[in-house]
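The same chain A turns up in both complexes below, where it pairs with chain B and then with chain C.
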Partner chain A sequence: MFGLVLLFSVVVYLLSIFLLMAIKFKWGMRLAGSISLVVISGMMIVFLYEAWPALEQYGFGLLTTAGWDPPREEYGLLPAIIGTLITSAVAIAIAVPLAISIAVTINEMLPRSLRTIFASLVDLIAAMPTVIFGLWGLFVLGPALADFINTAVGEYVAAPLSLLTASILLAIMITPYAAAVIREGYALVPKVVEEAIYSVGATKLEAVFIKLKYVKNYIFGGLFLALGRAMGETVAVAMVIGGNYSRLPQSLLESGITLSSLIALQFPNAAAYAYMIPVLFTAALMVAVLGLVINGVAIYILYKTQI
Partner chain B sequence: MIDIRGLRLWFGNLQVLNGVELKIPKNTVFAMMGPSGSGKSTILRVINRLIELYPEAKVEGEVYLDGNDIFKMDVVELRRRVQMVFQIPNPIPNLSIFENVALGPKLNKLVKSKAELFQLVKESLEKAQLWDEVKDRLKTPAGKLSGGQQQRLCIARALAFNPEVVLMDEPTANLDPENTAKVEELIVDMKKERTVVVVTHYPPQAARISDYVAFLYKGTIVESGAVREVFTNPRHELTEKYVTGKVY
Partner chain C sequence: MRKQLNTVGLALFAVLAFLAVLPLFHIIIDVYTKGISAIVELGGLSFLFDIPPTPYDNKGGVGPLLVGTLYMTFLGAVLGVLLGFPLGVYIGEFRKEFFANFSRGGVNILVEFPTITVGLFVYALFSISLVDINPMLEGISNALASVAGGWVKHFIGGLSQFNAYAGALALAIIMIPYVALFTASAYASIEQNTREAAYAIAGREYRAVFIVLRKAVSRAVLAAVLLGTAKIAGETAPLLFTAFGNVYYAPFTEATGAIPLWIWYAAQTPYEVQIASAYGAAAVLLTIVLAIFFAARLRQ
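What follows is the complex of A and B.
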């Protein structure tokens, strides 16, 4: 019902834009420019509306407690929030150095003829459906990782499906995104600046570091693009994270859950319980808010460091 | 002294230099003039081997710096001894004014302490007549300076190495008359301690600042010699046309 109202208001909004464009073009364009704002706030309103019953029932505690017992209508999103933050952070920590190395390799080390081929290959990884990564993570990466850790430590400590497996899988999936942005930025270092760097007697390695400093905005951009992807990634993570809904993970080697994989894994039986749908909408709201906050911080940092 | 013998250079299939022979004496200002595309800037980029940043360039011939073959020298050492100032002022824009001058000495470990580094930066900026304008804002990004100030910053950056040779690629092409006068004054001042090779396509400038001059046309040296000689008594018809402004 509420969705219909919203859809109707969006249609009215679009119609008014066209009308205004015909009457006063400038104002029509301004209204059109604000369309993304309208869509985002519309989505937020829907999420909030749908999540409201759960927020009313459980209050703020829904976000700060652990627990998942649908038959007793007991829910807590803390493990999912923590899981999302941990997997994204670990994935970023692995992916960004990797992405920088890929960007530098493509721009500095490879012969000119191989650059485009190699760059397209990296881009192709980004274009692969995520479920492929999930399957590989489930049957290859997870067991291999568990074997490796259990052999190294000498006893049974790691399960194949864990936060660590999800983090590493995420890192592999998001590296191409960060690498693409950094690579493009790196290629844009003007020839005159490059000549300046070499003319002050820099070695190739020193020149690379100075150039990376020059393109630090692109590195930031790639980092936050990748972070957004990591936090939102659903299917592949749902396949390898182990689905531990109720307990706070004590280490990276345990199974866990993230907000988006929680939604993906729980929606089939959600309708059977009184409060699960609003709880899942709360999770969705949290994903959206986290995404907005992180991008807001990114834009703020970029704005502050702009030269 | 710089000795260039039989220098030939191609960009892909296009031959830019065909057999350049030049002797550039020590502690002089040597001007290379010629129309656009005659290969002046390319010669400069060969002398400090920046040409190696252009993968499509192929070089043949020999260049000696004080009797040493530059192609056999360590490239970082060569670029330290042979500094360059570019046509478009190119400080590294995101680094501060101080860091732009300090970068080279730091990378090449020319100084031992922070105090020594500061002293070197200060002296270099003073020599480039920029110190008074920037001493209160050394931490400002260099990209915020005006074009003329950026060019003098680049000269300070070059002087911080105490180089034997300074190559200048049309250093005043993008400057206003006031800054042009300052830079020309600096060039004449520099030759007390170093060799300056300056590229210009403006003959009066060559006449004002240089001791020796070479005239390039389509990748060949048409004529070279003492500046008075070339300007008052050119042996070649093309040179005469160029210095009198009939060929561009």
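What follows is the complex of A and C.
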């Protein structure tokens, strides 16, 4: 019954967009313009509905306890939440200086003809399938990193699949995004300001720092966009994080789990247990809320700057 | 002193930028070197048609996965353009309206939204509604099959929980904001003179916006469509819970394979031959994505 109602309302919504366009054009366009809002709010409602059994059963404790014992129906999302925060924080810490360097190098040092090539290279990375990053992380980055740390320390301390591998892989993936936003802002520094900076005798490096301060809103905006990416990234992280569901990670060199990789790795066997699907939907609800808040902040910062 | 500091500082920026880009080149080179030798080993050209190898095989390919990827990407792109284009036009052409701000905010959030949530969303929608929709679909399928023949049942019929159409819907939801954002910026960049001319000659408003003005931005919109298609061709997370993956040529109403899903699965198995096939599949996928990407770049 519910399915028919759903199907009916979707069909009516889509038909009325195209019908209204023929009759009352502006209202048809407004209805089309609300697609994004409909999808986002639909997602929130569906996640809340699907997560409700778990929230009712475990309450708020689901988010503040560690543990993953499906046969006893004991779940806790704390390791995943902490894993998400750690990996994205480390990834951002690595990515921001790199992204700023890319933006500065493109705008200050490369000749104009190379600029477009470099820029479309950055766009290309944005279109690269994330699963290929995961493949590379699993077979190249992870072993190389573990070897490097183990020879540097002199004893066996690091495994290929760890929170650190995931963080570095994330940093590689999100750097181009942040760089694209920062570069866009950097190119918008008015010519007058640039001339003023050089006229007081600044060297190029000093000029770069002044300009970076001038576009700091773009840097923050890019940082938040990249943070949103890092927190939501699923497949690449799930391939290199190791999948440690129940224990709180004690260091970066241990295996861990993040909210979205927990969903990806545990979903195939979720149907066998009574509460696992609702618990995973609770994780999805958290991912969605995090995505909404962080991207909202990013977009607010960037909007404010543009106007 | 300041001179030296200047040189050192700028060199540091350049080195860091180089370090940031280096892994990306390495990924492409790594995928192609390992991927091409894997393809040659696993059967050369027949890699594109064979079913994936089991752990005991020494030949295999990505046939069903390639079909699934192309089918779902095509459907997703069509649906994504149908809905994303008007949305983008609204944001770009009517950007001074109050509601357009909300709409644009929504699109901007949706484009960065974690893709796994889209997959779960579609999974939930299908698991709620399939019971009611399936009898209807089976009726349609039987009616069509009696007219056109049995092959219709490979495309239309009672859907199982995991099917190609769920995958296509998830991909479409990811595609919509991409198309919308590019379309919006293209429409916003139309000069006022052109706009007035379009409204003057077109008569009805929808003709002005969708037919006359579209011609002015058709290149940018086509590039946007291609970029969005390249993006969804490589998506994995939304397909995990919607298409689920399959290693056989199966009807699209059942679980359907896709190349990214096979890479994700095979890379995590302990079998050499499947890992090799994952690399081969990655090379194929990267070729598809790069081809669409460069087609989009040449259009601009």
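What we mean here is this: the second predicted complex is superposed on the first by the 255 of 307 C-alpha atoms of A that agree within 3 Å, B and C clash if a C-alpha of one lies under 4 Å from a C-alpha of the other, contacts with A are read in each partner's own complex, and residues count from 1 in each chain.
The rule is short, and it goes like this: contacts are C-beta pairs under 8 Å (C-beta built on N, C-alpha and C of every residue); 3 or more make two chains touch, one makes a residue touch a chain.
Not measured: the values here are computed from a predicted model.
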(request) Please work out whether A:G232 is in contact with chain B alone, chain C alone, both, or neither, and reply first, second, both or neither. (result) second
(message) Going by the contact rule stated at the top, is it chain B or chain C that touches a larger number of residues on chain A?
(response) C
(message) Just checking: does A:I17 make contact with chain B only, chain C only, both, or neither of them? Give me first, second, both or neither.
(response) second
(message) With both complexes superposed on chain A, which partner does A:A32 reach: first (chain B), second (chain C), both or neither?
(response) second
(message) On the A-aligned overlay, A:V192 touches which partner chain: chain B = first, chain C = second, or both, or neither?
(response) first
(message) Applying the document's definition of touch, where does A:L135 land relative to chain B and chain C: first, second, both, or neither?
(response) second
(request) Please work out whether A:V200 is in contact with chain B alone, chain C alone, both, or neither, and reply first, second, both or neither. (result) first
(request) Check chain A for residues that touch chain B in one structure and chain C in the other, and list them. (result) 203, 206
(request) Sort out for me which residues of chain B touch chain A in the complex. (result) 48, 50, 53, 55, 76-77, 79-80, 83-84, 86, 88, 90-95, 103-104, 107-108, 141, 143-144, 154, 157-158, 161
(request) Enumerate the contact residues on chain A facing chain C in the complex. (result) 1-4, 6-7, 14, 17, 21-22, 25-26, 28-30, 32-37, 39-40, 42-43, 46-47, 49-50, 97-102, 104-106, 108-109, 120-121, 123-136, 138-141, 172, 175-176, 179, 203-206, 208, 225, 228-229, 231-235, 239, 260, 263-264, 267, 280-281, 284, 287-288, 291-292, 295-296, 298-299, 303
(request) Could you pull out which chain C residues touch chain A in their complex? (result) 2-3, 5-6, 9-10, 12-21, 23-24, 26-27, 30-31, 83, 86-87, 89-91, 93-94, 97, 99-100, 102-103, 105-110, 112-118, 120-121, 124-125, 128-133, 173, 176-177, 180, 204-206, 209, 227, 230-231, 233-237, 240-241, 260, 263-264, 267-268, 275, 278-279, 282, 285-286, 289-290, 293, 297
(request) Provide the residue numbers of chain A that touch chain B in the complex, in ascending order. (result) 112, 190-203, 206, 210, 213-214, 216, 307
